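All chains are identified by letter, namely A, B, C and D, in their written order; residue positions are counted from 1 within each chain.
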Amino acid sequence: MLKTLAILTGGGDCPGLNAVIRGVVRSAIGLHGWRVIGIEDGFEGLINTPRWRELDLNAVRGILSRGGTIIGTSNRGNPFAYPVEKNGKVELTDISDRVLDNFRKLGADVLIAVGGDGTLRIAQGLFEKGLPVIGVPKTIDNDLQATDVTFGYRTAVAIVTEALDRLHSTAESHHRVMVVEVMGRDAGWIALESGIAGSADAILIPEIPFSMSDLCQTIKNRAARGSRFSIVVVAEGASADGEKVLLKTAGENLGVERRGGSGHRVGDALADCLDMETRVVTLGHLQRGGSPTPYDRILASRFGVKAVELIAAGRYGEMVSLKGRNVVGVTIASAVANINRVDPQGELVTTAQHLGIMVSRNPNQ
Amino acid sequence: MLKTLAILTGGGDCPGLNAVIRGVVRSAIGLHGWRVIGIEDGFEGLINTPRWRELDLNAVRGILSRGGTIIGTSNRGNPFAYPVEKNGKVELTDISDRVLDNFRKLGADVLIAVGGDGTLRIAQGLFEKGLPVIGVPKTIDNDLQATDVTFGYRTAVAIVTEALDRLHSTAESHHRVMVVEVMGRDAGWIALESGIAGSADAILIPEIPFSMSDLCQTIKNRAARGSRFSIVVVAEGASADGEKVLLKTAGENLGVERRGGSGHRVGDALADCLDMETRVVTLGHLQRGGSPTPYDRILASRFGVKAVELIAAGRYGEMVSLKGRNVVGVTIASAVANINRVDPQGELVTTAQHLGIMVSRNPNQ
Amino acid sequence: MLKTLAILTGGGDCPGLNAVIRGVVRSAIGLHGWRVIGIEDGFEGLINTPRWRELDLNAVRGILSRGGTIIGTSNRGNPFAYPVEKNGKVELTDISDRVLDNFRKLGADVLIAVGGDGTLRIAQGLFEKGLPVIGVPKTIDNDLQATDVTFGYRTAVAIVTEALDRLHSTAESHHRVMVVEVMGRDAGWIALESGIAGSADAILIPEIPFSMSDLCQTIKNRAARGSRFSIVVVAEGASADGEKVLLKTAGENLGVERRGGSGHRVGDALADCLDMETRVVTLGHLQRGGSPTPYDRILASRFGVKAVELIAAGRYGEMVSLKGRNVVGVTIASAVANINRVDPQGELVTTAQHLGIMVSRNPNQ
Amino acid sequence: MLKTLAILTGGGDCPGLNAVIRGVVRSAIGLHGWRVIGIEDGFEGLINTPRWRELDLNAVRGILSRGGTIIGTSNRGNPFAYPVEKNGKVELTDISDRVLDNFRKLGADVLIAVGGDGTLRIAQGLFEKGLPVIGVPKTIDNDLQATDVTFGYRTAVAIVTEALDRLHSTAESHHRVMVVEVMGRDAGWIALESGIAGSADAILIPEIPFSMSDLCQTIKNRAARGSRFSIVVVAEGASADGEKVLLKTAGENLGVERRGGSGHRVGDALADCLDMETRVVTLGHLQRGGSPTPYDRILASRFGVKAVELIAAGRYGEMVSLKGRNVVGVTIASAVANINRVDPQGELVTTAQHLGIMVSRNPNQ
């Protein structure tokens, strides 16, 4: 039977989204002869008159190696809590019935929702209201427990590592401390892996409140041993002992972004306690951009292909997920909400420490 | 107790070897206060008067991001079958007692042998003769079953993928068929993964004898659909139906290397069956060189740290190995000999096929 | 007056062709409100019923950073010597009137021909027969004297340098001699510049017949000083003393390309005279592919913009050209035929020698 | 006669400094048999007991491709205005005699000073007091008129262009305006060249006060034509009409750097006038780091070789300089002070405009 698949991408952009779209389109059309359409700008594209485009084989030509998403994305458009003006006041309103109506107008049989925690929760909500839905997880900072790893994450680690490689030469030449702020509000994976790969001297992650005095001492010890520079990698969600963790709310993401700035807070504190020049670099949006690494291209392609396979098997309400070496389907319901955090006693942290890297605090201080 | 660790690297060079050495040195010295020395040029450095150098913290500074191995490597120097001239004839002779003697002169307590199948077999042989040995597996084409993946492999995939990205523009602009020969004598992992990541149209791997007529037909079909170029990735060990698999023997590796040339054989055959320009590119040694990817830097660092941990636990005769998310120790004896081959019915091959890529043969032809 | 510009790209592909096309389209449409069409596959697209496509602003979106040419190219299609079958025999025939006729059917006012020596000669021939023509020079190996430098060249140098960086690790780890063959049949610019940038030990260029015994001695001297590896960069047109220079004819470019192989000839000779492992890497088509460097994107954009400016000024028969810091117009007639060769006594060769690099022969031997 | 050359690097680090050092060492030792020593951390290394190291062939092995400077650099240490404490107050004091004394203790015959405007002025001052000096110009933002271009600049342009390539995917996917702040306090070269190469929509440079209303209108016009994102490149020294130009003084460079923030000021203003999401990325120190491009490696090597040639010719008081295709010597005195600014009517600005890029103001508004 000829099916029409609709696909949307929600939340922050992420290298590999296009590879998922391409994987869906090529296997849906090539293997099954189905049709695929792309809803534009995430759930925003379903709020009013649906905005969409045809995704045929031509539309996905050459996109495997390109970052971002050809169908656009948005952090907005939650149908279960949409800002609607009523009597001069804006209220978050459930307009999910309207969205379902709009979806039906498309004539599509199933929705593939590619996104992070927020997008997947919406997908689950719509599934519970009867919409045939398949989920594809996306989280650039690898903080989703329902899958071993997601696409985009390794690309981000590669970008940060390349930046650290570069900053080494400045740090060494000027005998400076370079503080590099990277993504990771709740989970320190990017900081930890890129810090190991980029030869950081200290890594500060959200999972372990860091000790500012340990950090100062670590850098002083290095200087005493003749290493006149240091590289400190700070996850944006890292906080010091006794410091209140500052989480940005979704609303703060609108308009010009302000450095909440774990990086700058650490830089300021270091400038106080050290007699060395300190520089802060905030990598920000650079971490999300550009061509996905081969690993991410492959993983995202596998996710796209598997999503179509789940549709062929009628396994709606499921989400693709990497478990060990295999991509499998798990229920979306079970998947959301559990955050994948760095284990403070795990092998990766221990490895970093055995390499001589301080991870949030120095066990020997 | 103060220990002295000796480390050597054997076989073909591989991005990440330096990261292993650095991981060993930093954790052995930093954590345990031990001493590390590096034996030069693999087992060759033990054949005559031992050649070695001190590996202190300074010696491993800045090497994490560098390809190759600072202590040199060699494909020669098998102590159990060393070419010795006797009565004007060269005979392969067991000189392992001499090598053990030489090792003892170094005053080292344990040998860390980093290498592929050949190196690990020698290590096992010496272990059976009483030498405390720890193994670290290295195989750039990922053909070792005792570990989920080895360092260097993903770097090779990244290099090939980048080359494929580049060759696309030539292929498209000139409406050519580009045949790209990559590493992989027994296992087609590099061809398969880089082929998926680099958007190949056909991938020929050793695990599935390929059909030349399917390949011609696939390219003709593409041309008929308006795609006037094609990219074919060929593992060096790929062979066509009925073709005798040509394995290079070790001896053939000496002197100037000759293209055995699965790539050129495929290119010649394509030029016969197609009315299109065909070009062959052999990536060769480019695949082994340069800075390891972040993943390989981390994995190799973990291997180095774990090797020291195994020594601290006295687990001689074991080899480090990635199993799922953890680096563990397994016996070297159990590790050698089992080749990790692509499963012709596995998910990766299926994914490639669902993406529209022919893998050795076209199931629809 | 509304003009219609036709553009074609001829000869081998080259990073920056798309940037030229984009520069033409954006300034012709944006500044003048003209129309641009692209003739497909070089002059081949004018031989029979013209093949072309509309080039509006959308058509050139996102192509600045992409290698190759979106309108295709071809080494064939010389209207003044086109292979035509007559009485069972193929004769090179002047069909330029037919091509002019075909061009007129397009309704275009002027032809922008982007290409190397061959393409520019054809353009000049058609100009002499009355066609309003503007030339844009393209030569990846920088062998055209009419312009200080052309786009694509620096990208090729960057690709070769990156390869040399990579090959260093293999060469060092294995104590090997790596011979790397690069583009440059008549001019050794790519070999010379990438050899300096990539820290080669010897560079063999067509402009100076090389001495094989000097080369062997140079490598032996290095080994005697403790450098147990060497990197030799060989331009494809390099030849040894007394060796006949082998130029590939155009006809040899059809079908599967054979290694004419200056690289392999040098590798063989080295294997004879040295007691070291030697490996040969032929970079081939890798050198033409992929995203142009910023310099090439800018230069190519300037060329495209200038071509439109020449049209606006009615300066037909001219070609854009970089002279010092400025892009100017020169007559195509004066431009073709003079080859830009490396000066054996020039500063670049001297610099290489002062850095300790042998350039074709060792002045101190 | 055996000479001893001393070399120092001053001011901000810059890709290519190591290539200069290597060029000096290899030609001084290899060609002349001289000796080279490296003074550490710029003129700081001569203020007290001289700090220096031997620079033999081994010391410069492998540094050609590495960013930064192996002998360290510093923005401090001006011998003609050195902060000295007198009676509890810090006064800028002329201690150049002491520095000359310290230099003499080294037993060196000549000083090669590699640096920007500040370093070269000091060098000239010391030359006027009798020290044999050779200058090598270094300015990453290409603002020195005495040489056509300096090393490091093209590397910076390449890094910014790569960042712009990456940010395009985020901008497109989210329909955002990305504002990217780049180096260039007095001269807009980096902004202009990387903006052209990276397909910016607007470029704001110090040489032309920009019009905020033109910028808003340009972005709105793009949106009206269907381009729902824009990329704006801002030189750090760019200022709007009527805005006072804020120049950072040297003193402000100490300690933690604060965003002077032309990028954020533009971002804030855009958020006010547009109904689109805006994001600001400050590239900062990333622009100085990492491996130099081939062009910069070659230019820096030529500078190093030429510096030794000037010494051999006894041309003290001169500085190496690229003029057209040749590296020549010019007097340091004539070289400092003239800033190389972008010509608002020059070909590069015009090219950008013809490509449709707004440069500080929209000529059509």
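In the analysis below, a contact is a pair of C-beta atoms (placed from the backbone, for glycine too) under 8 Å apart; a residue touches a chain by one contact, two chains touch by 3 or more.
What you see is a predicted model; the values in this text were computed from it and never measured.
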Third chains touching both chain D and chain A: none
Distance from the CA centroid of chain A to that of chain B, rounded to the nearest Å? 32
Centroid of chain B to centroid of chain D, CA atoms only: how many Å? 42
Could you tell me which residues belong to chain C and also touch two or more other chains? 165
Considering only which chains touch which, how would you classify the arrangement: line, ring, star, complete or other? ring
Taking the touch rule as given, give the residues of chain D at its contact with chain A in the complex, in rising order. 9, 12-13, 15, 17, 41, 66-69, 72-74, 159, 162-163, 165-170, 172-175, 178, 254-257, 264, 267-268, 270-271, 277-282, 284-286, 288-290
Give every residue of chain D touching chain C within the complex, in rising order. 22-23, 26-27, 30-31, 64-65, 148, 154, 157-158, 161, 165, 193-194, 196-199, 291, 293-295, 297-298, 301-302, 305-306, 308-309, 324-327, 347-348, 350-351, 354-356
